[in-house]
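Structure provided below as structure tokens; questions to follow.
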Amino acid sequence: MFFHKKELQYHAKPERPDPIFARQLQEVLGGQWGEISVAMQYLFQGWNVRGNGKYKDLLMDTGAEELAHIEMLATMIARLLDGAPVGDLETAAKDPVIGAILGGMNPQHAIVSGLGAMPADSMGNRWTANYIIASGNLLADFRMNLTAESQGRLQVSRLYAATNDRGVKDMLSWLIARDTMHQNQWLAAIKELEAKENVVVPSTFPRELEKQEVAYTLFNFSEGNESATGRWAQGKSMDGLGTFNYVENPVPLANKPKLKPAPEYIFDTPLAVVKGRDEQIPPNLI
Amino acid sequence: MFFHKKELQYHAKPERPDPIFARQLQEVLGGQWGEISVAMQYLFQGWNVRGNGKYKDLLMDTGAEELAHIEMLATMIARLLDGAPVGDLETAAKDPVIGAILGGMNPQHAIVSGLGAMPADSMGNRWTANYIIASGNLLADFRMNLTAESQGRLQVSRLYAATNDRGVKDMLSWLIARDTMHQNQWLAAIKELEAKENVVVPSTFPRELEKQEVAYTLFNFSEGNESATGRWAQGKSMDGLGTFNYVENPVPLANKPKLKPAPEYIFDTPLAVVKGRDEQIPPNLI
Amino acid sequence: MFFHKKELQYHAKPERPDPIFARQLQEVLGGQWGEISVAMQYLFQGWNVRGNGKYKDLLMDTGAEELAHIEMLATMIARLLDGAPVGDLETAAKDPVIGAILGGMNPQHAIVSGLGAMPADSMGNRWTANYIIASGNLLADFRMNLTAESQGRLQVSRLYAATNDRGVKDMLSWLIARDTMHQNQWLAAIKELEAKENVVVPSTFPRELEKQEVAYTLFNFSEGNESATGRWAQGKSMDGLGTFNYVENPVPLANKPKLKPAPEYIFDTPLAVVKGRDEQIPPNLI
Amino acid sequence: MFFHKKELQYHAKPERPDPIFARQLQEVLGGQWGEISVAMQYLFQGWNVRGNGKYKDLLMDTGAEELAHIEMLATMIARLLDGAPVGDLETAAKDPVIGAILGGMNPQHAIVSGLGAMPADSMGNRWTANYIIASGNLLADFRMNLTAESQGRLQVSRLYAATNDRGVKDMLSWLIARDTMHQNQWLAAIKELEAKENVVVPSTFPRELEKQEVAYTLFNFSEGNESATGRWAQGKSMDGLGTFNYVENPVPLANKPKLKPAPEYIFDTPLAVVKGRDEQIPPNLI
Amino acid sequence: MFFHKKELQYHAKPERPDPIFARQLQEVLGGQWGEISVAMQYLFQGWNVRGNGKYKDLLMDTGAEELAHIEMLATMIARLLDGAPVGDLETAAKDPVIGAILGGMNPQHAIVSGLGAMPADSMGNRWTANYIIASGNLLADFRMNLTAESQGRLQVSRLYAATNDRGVKDMLSWLIARDTMHQNQWLAAIKELEAKENVVVPSTFPRELEKQEVAYTLFNFSEGNESATGRWAQGKSMDGLGTFNYVENPVPLANKPKLKPAPEYIFDTPLAVVKGRDEQIPPNLI
Amino acid sequence: MFFHKKELQYHAKPERPDPIFARQLQEVLGGQWGEISVAMQYLFQGWNVRGNGKYKDLLMDTGAEELAHIEMLATMIARLLDGAPVGDLETAAKDPVIGAILGGMNPQHAIVSGLGAMPADSMGNRWTANYIIASGNLLADFRMNLTAESQGRLQVSRLYAATNDRGVKDMLSWLIARDTMHQNQWLAAIKELEAKENVVVPSTFPRELEKQEVAYTLFNFSEGNESATGRWAQGKSMDGLGTFNYVENPVPLANKPKLKPAPEYIFDTPLAVVKGRDEQIPPNLI
């Protein structure tokens, strides 16, 4: 169950409206790495954990906080849209600043949402659950969480550098700090899990069932061998169970595949034609 | 530039056709964490690296290898579909095994692709670039790569456990081993980058510009405090620059937001109505 | 800000696992009219309301409750998936019941989510914000809310009729009752708004600016005139401002459109060719 | 069967080209609430009605008319794009008006559609059937139809206010009037259905099978109780079958959920790890 | 403008219900190559033609007919769904035929559409305008139309082979014949256009502006040279303006690309790190 | 298997950065008809060919080349984005050129990809496999390939006309020439297949099973008969097996459809209501 408190977790008030920046800010609200993504991802991971405990609680704590971040961003965007102008080419031609706004803002902020935030990114792509994962395997998922907080902090930093509005910067500096915590927290959780399970996911798949002869090999499929100088091409593997090696000229281990013809009821190209033979196909051969 | 060699990197031959498993196998070909995702992700990351060197080479090596894995899976799926039956309820009712196939296979494998693999997942969702990222920040991206290899190996392991076909198992055990390598390799690369940049992405955002007072704080937004017992709630932070702390009862730091009314040309609900006042609105008030 | 309480709003425990029904139940979790849709829709509408008051509070109350319903459904689905079998054709062929499960369940429940709920519908389409709206106009949005609760209750009723599991039925009968309330509540709110604004959205667009001569006319574009017998074809209009009328044979009011040719740099088909003239086009005419 | 007449239902001729407005106008052609949505929605609802009569005829009448509206908008957009400039930064830098056009227009109008309308919204999202519903239940669907006409008229009104072009305004005032009719017509049809079925959808689900004790209750999940003052919190319910009541402090009715561990073949995190116990997991435990 | 006649263009009555086949049939209604695709594609192409004449008329004739085909398929699907069973695992386990139906049918046909057709394909993917094109260039578009009729007839043929129902087969044999006509008709139109414009689209791009030295060259990027034996590798080119040639060992014509570093405000990986140098990066370097 | 060579197939260096054009160029990288589409389409077609030979080799040759084109475009886009400015309204208002850039560029090029190319089109829609087909029938697929190269060359030509940058023009003139070849090559392959199979796809469906009486008929569904003057309305059909004819006034061949009522457990509108009868429905009739 969820309870909502109307006060915001932190301030979300710009110095002045700016519909162009409102559009950009949508990226970290409804984009691939935005707050909707982390909120939904952490909550689904939390709900799907089989067995309770501190990891589940951590997921629910953080998922609930991200809902508050959606709320802060939605509020900020609505305020950046205050009194946003609408208009056509005539309006744009008269005033270069309004022209820049009409060109640079998201027209859906006027037409669709009536000057409100949208569950979409800065290019207007609506949020989709394609962005998230809850796999049931905590180490795999926490790595995604660390990724999301890394990409998220990166995007918020880019937005911070792009605005001069002190109110916006103030809120972004809060979000950046929270992402610092969230990266640290998932790193801590990952470290714990790796200590117990070792580093390869899933830890429970029996090693003897995989082709161990290629489990620590770097194949050089891109001409030039700068990659041979990396840590990943020599020395003990990160899981401590093998030794990295480098194959300069990888060779195929199987023949050219040759597929059987399809049954007639599939109406694929007749085999004689596929093979490029010159004979003509009688009409309606089946 | 890319060159194609027709031989397969590894064998992709099942013992017998199995259209149900062909559908399941689509998940790791064209699903969120399938081979198309990693191929496209590594190549785009590689193309976008600003400045060459061993990381770029590593991305191109691995991206090119993943193309070979798409090829192996596409071949395997086509063979699993050999001679797949088609039919309606009458056909299904006559033979329970054919009924199970008709129910469990992807009908598009017959109708759309003519018994070939599709760029889609096990539920028929076509592959979308929403799944991938190339951000220009290598540490952020390598964390996504490690995630992808973790989720990928997890899914292939689940598929390995679901089949009795020794040919399929043989190929999957190759893919699982390659994912072992790829997890190890991204871990090695991440370790290098973290050693140089510390662990928080992006490393170049000035610390004094973020709200440092909440950069190491866990807020307890989910009642119950199991999460307080984790490493993330106490001790030095993972970046070594702060100390984790735990806030049992988080309080809002800002007031209830109140948004200004929209301009008339937006045709939002009139303010008197929004506020729930009882007066009636004169028609066409603008 | 949001706070989470770990107890469920209502019971979510099936009598027995049923992976086929788990898949069906996804429809009302992550489908077009599922709980994610209403939760996100009400919250975005609430955040975007310009001016506070009882409507905003009602939206936040209900939005927060819907989060609890997502949670209940996610829990129920995970339990319906308990111990779900995996397998290939060989497994399916041996046991007709397992065959039915393998055919009828969502394979992603095993491969992707590890026996957890997914933010997707019963056909595996991931949730998308294309399903929802927050327009800034409360009457328009409350009509959508009423729609969502109507379609939602309809779907839950269909699912109720499809299962024999008493635990599932118990939870669904809770959700159905809540949808009864939510339909009643949006009806009450709509009635209030209509009393103040009249029934046509938006109420503030000046009537004299629309073509009033066709504002109450039913055009008969489908041969046969059963529709002429409806209330909408005669008598006072529902907004009380006009009289319905019926046009049996609608005629066009404008000529055939004729578009100007495109500039050369668009490389459209040359005009002479479009017109079907017989002359030959000199190569590279620009 | 459908017959097409080449004349337009109403004029669709702008005073002058305006590629920026052409982009905005796409919203009501191919957006969530645009003409493609209503045309497809009404036709599918009509085709799926089980049993003929006036409602089906009304759906087919209106669906066929909406096809004519798509046609009018497509024509208008093509004319607004007449001679639209193309260019790069150099072109944009030379002339602020052309710069504004290049920034504000949809580049696909030049590159993809060759100065023609597209089945897409103002941000270039292609139309998707995710926007529509045909459920087989007329009351549920007519509510969606009323919603669509409400959102649609709202958006067209916003566009009307955004342009100074008298030709565009003339066409929009026609569409606004038609939306006035369509709102009135669905209201009339809804009123009829509600008179026969009462207001809760579906009307045929037995009341005694839902949890009637919460069928008229407003739970206060958002702190603050402005919503307690609304009609929905007191008095007879809108369906006349209950009495609204308000619960200030909602409590959970079920315990914390605890999910069983997954089978080994799912390769989820081992239970000991999930629980946060400190023991180490032996490698490959299955 | 469009007028609807309620009679069907051709019969759409199955011998008996078959919910499994109903699902399969959705492919040619709402799939990539289904009737919605061709209807929308022809209509948009027709509306966007700049200059009227026989091609535009042909597009409108065929577009309007395809609407009738959607109608026939929607009717057939609804009838195939007559009385479709619903149920859970218990129901499925009791009766293998019902089990096969529950596994093989689209559950949304019961839950979402109430036994009606959906604007979706056989895997439940909703129709999207991503499938279609209207480019303003008739030759380019007619080639897509020919493609659509080819893929469409192929899919209908596969469905014809998959059913034993004489009513379904009767309707499909009508659709197959219409696709025969439509392939013939687009071939005729293409032939006319090619006679006037030659075969390369667009015909109006000046030949001297393209790199003519590679305009008729086949590069051998896939090891093995079976393709060298084709017509495309030797002799006069199809446009009559060049001579095909074959390059056995293609070589790059440009150097390795090297991208400049990004500005600091982008927060990409610092250049020293990208290059793999060993120095450590001072924190917060900007 | 695939091998990557780091040198580019052809130059990809602009004279100067241009973030607006970078956005436009995305269309032919990640749009519907961009290089990702052709690369993936040819490779999937090649992998799915059942039976090897020259056609399969041709597909693999061309598919591998298209990967090189993605690489060239990605490189060009990254260079066009060199040093792209970021900023808000204040920045835009100060300098009209920067204002035009901020309005016209894709903000995700700064926020998401860090000045790198994205797998998306010019409106930011991420690439989706909805764009492509591999059907198993070579003639159907080669027609799609010809379509793709026609639409692709058309779009590149439009982009060529839109830029003054000689470096960009140089690369585009290479791509245009390659599209000339690829149109010629698919035309040659199609000609071969048509010579063997005749022109209607699929060639193997028995003619006597289709309704031959409508296999060569043009129905006049759009008032006005300009289309009657085309080649498609008279003379021998293109497949040589029939004679085109024209039906001026098409009539329906089947009655109005009437669907049976749905079972009660579907909760559709009760039949009496659907029929518009006036009786009232008893509550909870099942």
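Structure notes:
A, B, C, D, E and F label the chains in the order they appear, each numbered from 1.
Everything that follows uses one rule, which is that contacts are C-beta pairs under 8 Å (C-beta built on N, C-alpha and C of every residue); 3 or more make two chains touch, one makes a residue touch a chain.
Predicted model, so just to flag it, every value in this text is computed and none were measured.
Shared contact partners of chain B and chain D are A, C, E, F. One inter-chain figure worth recording: chain C and chain F are separated by 28 Å, centre to centre, where each centre is the mean of the chain's CA atoms. Counting partner chains per residue, chain A has residues 1-9, 32-33, 48, 50, 52-56, 60-61, 63-65, 68, 75, 78, 86, 96, 99-100, 103-104, 110, 112, 114-115, 120, 123-126, 128, 130, 133, 135-137, 139, 154, 157-158, 161-162, 202, 205, 221-222, 224, 226, 229-230, 250, 252, 256, 259-260, 262, 265-268, 276 touching two or more of them.
Interchain contacts join each chain to each other chain, per the touch definition above.
Within the complex formed with chain A, the chain B residues making contact are 5-12, 32-33, 52-58, 60-65, 68, 75, 78-79, 82-83, 86, 110, 114-115, 128, 130-131, 133, 135, 137, 139-140, 143-144, 146-147, 150-151, 153-154, 157, 160, 173-174, 176-178, 180-181, 183-185, 187-189, 191-192, 199-202, 205, 209-222, 224-227, 229-232, 237-239, 242, 244, 250, 252-257, 259-260, 262-263, 265-268.
The touching residues of chain F, counted against chain A in their complex, run 1-6, 48-56, 86-93, 96, 99-100, 102-104, 106-108, 110-112, 114, 120, 123-126, 135-139, 193, 195-198, 202-208, 241. If you check the complex, the residues on chain A that touch chain C are 1-9, 30, 36, 40, 43-44, 47-48, 50, 60-61, 63-65, 67-68, 70-71, 74-75, 78, 112-120, 126-130, 132-137. Residue ranges on chain C touching chain F, taken from their complex, read 154, 157-158, 161-162, 226, 229-230, 265-267, 276.
Contact residues of chain B toward chain C in the complex are 18-21, 23-24, 27-28, 31-33, 96-97, 99-101, 103-104, 121-125, 154-155, 158-159, 161-165, 168, 221-224, 250, 252, 256, 258-262, 264, 266-276, 278-281, 283-286.
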